[in-house]
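The following pair of complexes shares a single chain, chain A, combined with chain B in the former and chain C in the latter.
Coming up: the complex of A and B.
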């Protein structure tokens, strides 16, 4: 029984990590700029499609027809020559193999630009307006992003293979001194979890140990006073928006091998991650991370057959149910500060 | 009559009635004068009017209204299946059921306000949607959708000794509700719905709701308990949504869970915002515009575009066709999203505010003395 529970716990980690990363970005934006960003799921999706684009470029190939040979069904044989391999040889093959992790390098600057552009271009005008209007404009932006992706990449999911070395399963049970081959876990999910841990740790370290982070934290506590001290807090908050976009984008890139991205990926994750933010407590960064993992793991447990036998359909609604209960019983969420958005 | 309705209200109501009833005539030149589309105009008009009673008057932004719409549809189809094919019992049944559903959900959701309220309604709607697809399949028939079959029991019809052959369709007093009959049936309900909304907006109850929107805290300090008022608005608005859902089931007796998805809730929000939040006719106009363009733009294809741009030189025409084809057909949601973003940024009051601004500009240029704005802001 312990093995089963431990396995479900592990299964919840990768989804929980994705929720935590998206919720972290949402909370950064809400905590700094006070904006409820319904377009954050779209940023996650844009990141995923950065990976798709990178792979498309890396796997570009020339197609020539070899007139001397025929394919088994008698048509002229097409010779496909991958360009990257032709130019770079074995190194090119490695590049293609590792296209997903490599895309992160390209995703970071792109998402930073997208985030800063979004904030300067549109969201900046909505600080003084109501939360309802912020929801509406970002919801509109999310629709636009989703439709642009749909018209460029088509409506079908585009599978992204993971690097060949990282396929297969890790025998975690054996590592922990248990019986071999009882608890196995796909390597890529493990990597996703570690990656999420590194990113989350990085964001917290950035906020905690750098002067920039200190100023941002001060601004989150009291924006006006920090502004009066002669610090250009608006610019730092803009950069934080860019950082949130980068976190969402990287989360999207690394998630592509687990779930082939399609155009409504963002919307699918958006609703859930909003629920995560609310459960964790609006504006609380540790709360967002904790709630992300908590809900991911709860969802994993709810989809066990034993649980479903007692509460049919619980796996479909568990996250919403938790959110409703938390909101009704403890509106500031698990770790929300007293008085912040308590209404 | 003067005590019953002010003259302006009466004119607005009569004008609205005439416009709605004459729709098959005046929409014909725009390529929208056919019953199928007109029925949807009416149905989503009702949905948007109802949504506006909650969002426009009280300021509570619900992101889960499609749940009531879907419940209304399911209730109506069940009435067709179990009781009778007549539309009236189905409508009553659907409105009652969705009203009860709204009462339960509203009672819980209205404990919070602002974004928390939005998330709560969203969570309930998503729960309904997910359950309709999974556990509640005996009631909802899952992905296939609930539909009428010849083998349904239809207790009342059987008691009346009516028998059917062929595919059962909803009727009204024995008359089939297809085509223009269906349109006028829906139009009657839209006019009724508009009338009730107008009466609510002008009543002391409506004033309470507007007061909740402008400053709920002050209301509470004055000694009012605001929650019963907000809950009444929520239930009324849920009943409107149920009515609209039932009408959709009358015109097309097939209820599916996708009507409850949160994107469907988003659509009614778009309609209301696009038309003008808090105005009476705005949401209806928003619903009509969205449904009209959904119909027109999604029907366009590259051939039609090529004909449209054919006056340009060869290369430029091809280029324009490639560009514009992204915005029509399957991509019309892109146009909708862009239009929506632009409206929220530049015209938060929607189309009605645009009309008002243009009218004001004309008035100003007509009479040289500029009149100061009559609207006063409450002192904070």
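Coming up: the complex of A and C.
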């Protein structure tokens, strides 16, 4: 039984890491700019498609016709040669194999530009508008983004293989001195969890230990006073929007081997992420992270057959059930601040 | 008075009445055999006839939908006498002439069913009412097939199902206006179980993950029955939502459940995701109960196998048809399809193409588009040359009875299309069954409902 519970706990951490990463970016934007950003899921999806694009370039092929060989339908055989391998040899093969983690290098500047462009181009005009209008405009942006992706990449998911060295499962039980093959867990999921931990830790460290972060935190607490001190807080908040987009984009890139991305990927995560943010408390970064892990772990335990035998279907509703209970008991969420989104 | 007397005479009344009938042009309808019945939904009056293609172009089964669309376009071209004629050249017996259907050129309209039953039904309604479709065909999910064939029964339009594998389609939910060429879950069980017993032994503990809708339920039931008859035990059967993406929460409980076989009652993208993730969890490298852990996918297609990549190697399943069969029909279809689209056809494409031709052939043999006559032409019709050997469109449940393939993921593929090997062809007598076991009622063919 211990193994089952431990595995579900690992699963919960893995799911929670994904929820926490998206909710973190969402909360960063809300906490700094006060904007309820329904386009945040689309930023996650755009990051995933950065990985798709990088792989498309790395796997470009030259096609030649071999008239001496025939395809199964009797046509001259098309011989395909990978271009990158032809140019770079074994190093090209390594690039293709590691295309997903390598995509992060491209994704960071792209998502930073997308985030800053979005904020300066559209979202800044809605700071003084109601939350309802902000939701409408960002939701519209999300739909535009997904339709653009759909028209370019098609409607169907595009699988992104993980590096061959990182496939398969790690024998965690053996690491802990238990019998072999009792507790095994996919290597890439462990990497995703570690990656999420590093990104979340990095964001917190950036806000906690840098001057830039200190100014941003001061601005989150009292925007007007910081402005009166002669600090251009708007510019810093714009950069924070870019940072939130980068976090969402990187989360999307690393998730592609676990779930082949399609244009709808962002919407699938958006609703869950909002539940996570609401449960954590609007505007609270630690709340978003804590709620992400809490809901991930609860969802995982609710999927155990023993639990479902008592509460059939609980795995499908647990997240929403917890959200309802938290909102009834603590209307501001787990770590919500007084006055945030309160009339 | 005289006039009144003459007007009342019986002879005069009969003469006048008959003259009136003849004069108003009713006589030809009264005296022409069957002519009274020619008013039916979307009776084609011009020189074209419209097929309604209901295709899942997005959603969980989108790949199958896209391949079906290609197949229908090819079938329509061949029916109109374009291209190399494909299976028109090998269908036996055949009334097809390559000049459309009854001399009318075939055209089509299509609708994206999004792999959703309600959208499929709405799309079919639109194609019948707005676009004048004479026949609806397509679909890649049994939920869609059952929803659409129910609608077609209500509207008096024939439905030639695409890929649907639930026992219910030609079982408890069968309809007089619905016809299925594809095989079903019960036949998968009959075909697959002996191969599983031979390969993995008769002492196994199976754990089912099942897509939570009609197809998943009936496949789980059929495979459970077939494997338990071998001596296997079922450890658990867990339902997963159609279109689920992350299966980790369903896979972890399997690892220490005591099961040594995982049976994935999933299809399309669901199967690609669940199989890939099961392999990522190390299931194929495990041992349980002193045996190598195995994964089985009772229904598998080359599109899914391609999507699952390395994960599918060595895995057993069943298929309706495979492009590398060496009979003249399979060779002809693969050649036509490959030349047109640059890839071999999937089993979804094959069943779609065959259904289009079988409908057209039935209309030609009936000599009319009038649905009850076309239904009569299809019921009990025996044909050959379409890639599955001799095939019977059984009258009792509108299920095609033909051979079934047991396939296995190719361990050493020679091309990106060479992903499945045909392990065994189970003959049609072995997979035939009593249609009464699944109940259901076809319902009447007449009176023909009017769609508008």
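The criterion applied here is as follows: the second predicted complex is superposed on the first by the 330 of 343 C-alpha atoms of A that agree within 3 Å, B and C clash if a C-alpha of one lies under 4 Å from a C-alpha of the other, contacts with A are read in each partner's own complex, and residues count from 1 in each chain.
One rule holds in what follows: contacts are C-beta pairs under 8 Å (C-beta built on N, C-alpha and C of every residue); 3 or more make two chains touch, one makes a residue touch a chain.
All figures in this text were calculated on a predicted structure; none of them were measured in a lab.
Residue contacts after overlaying the shared chain place A:81 against neither chain B nor chain C. Touch criterion met: A:139 reaches chain B, while chain C stays clear of it. In the superposed model, A:274 lies in contact with chain B only, and not with chain C.
In the superposition on chain A, A:151 makes contact with chain B only, not with chain C. In the superposition on chain A, A:73 makes contact with chain C only, while chain B stays out of contact range. In the superposed pair of complexes, A:316 makes contact with chain B and with chain C alike. In the superposition on chain A, contact is made by A:185 with chain C only, not with chain B. After overlaying the two complexes on the shared chain, residue contacts for A:222 are found with neither chain B nor chain C.
With both structures placed on the common chain, the touch criterion links A:14 to chain C but leaves chain B unconnected. The interface of chain A with chain B overlaps its interface with chain C at residues 155, 316.
Touching chain A in their complex are the following residues of chain C: 57-58, 62-63, 66, 236, 238, 241, 245-246, 248-250, 252-253, 255-257, 269, 272-273, 277, 279-282, 285-287, 307, 309, 323-324, 334-339, 342, 344, 417.
By the touch rule above, chain B contacts chain A in their complex via residues 59, 61, 108, 111-116, 118-120, 122-124, 126-127, 130-131, 133-136, 262-263, 266, 269, 273, 326, 330-331, 333-334, 336-338, 340-341, 344-345, 348. Those residues of chain A lying in contact with chain C across their complex are 3-4, 7-8, 10-11, 14-15, 71-75, 78, 155-157, 159, 161, 167-169, 181-186, 188-189, 258-260, 268, 299-300, 303-305, 308, 315-316. Within the complex formed with chain B, the residues of chain A that make contact are 36, 122, 125, 129, 131-133, 135-137, 139-144, 146-148, 150-151, 155, 267, 271, 274-275, 278, 282, 312-313, 316-317, 320-321, 323-324, 327-328, 331, 341, 343.
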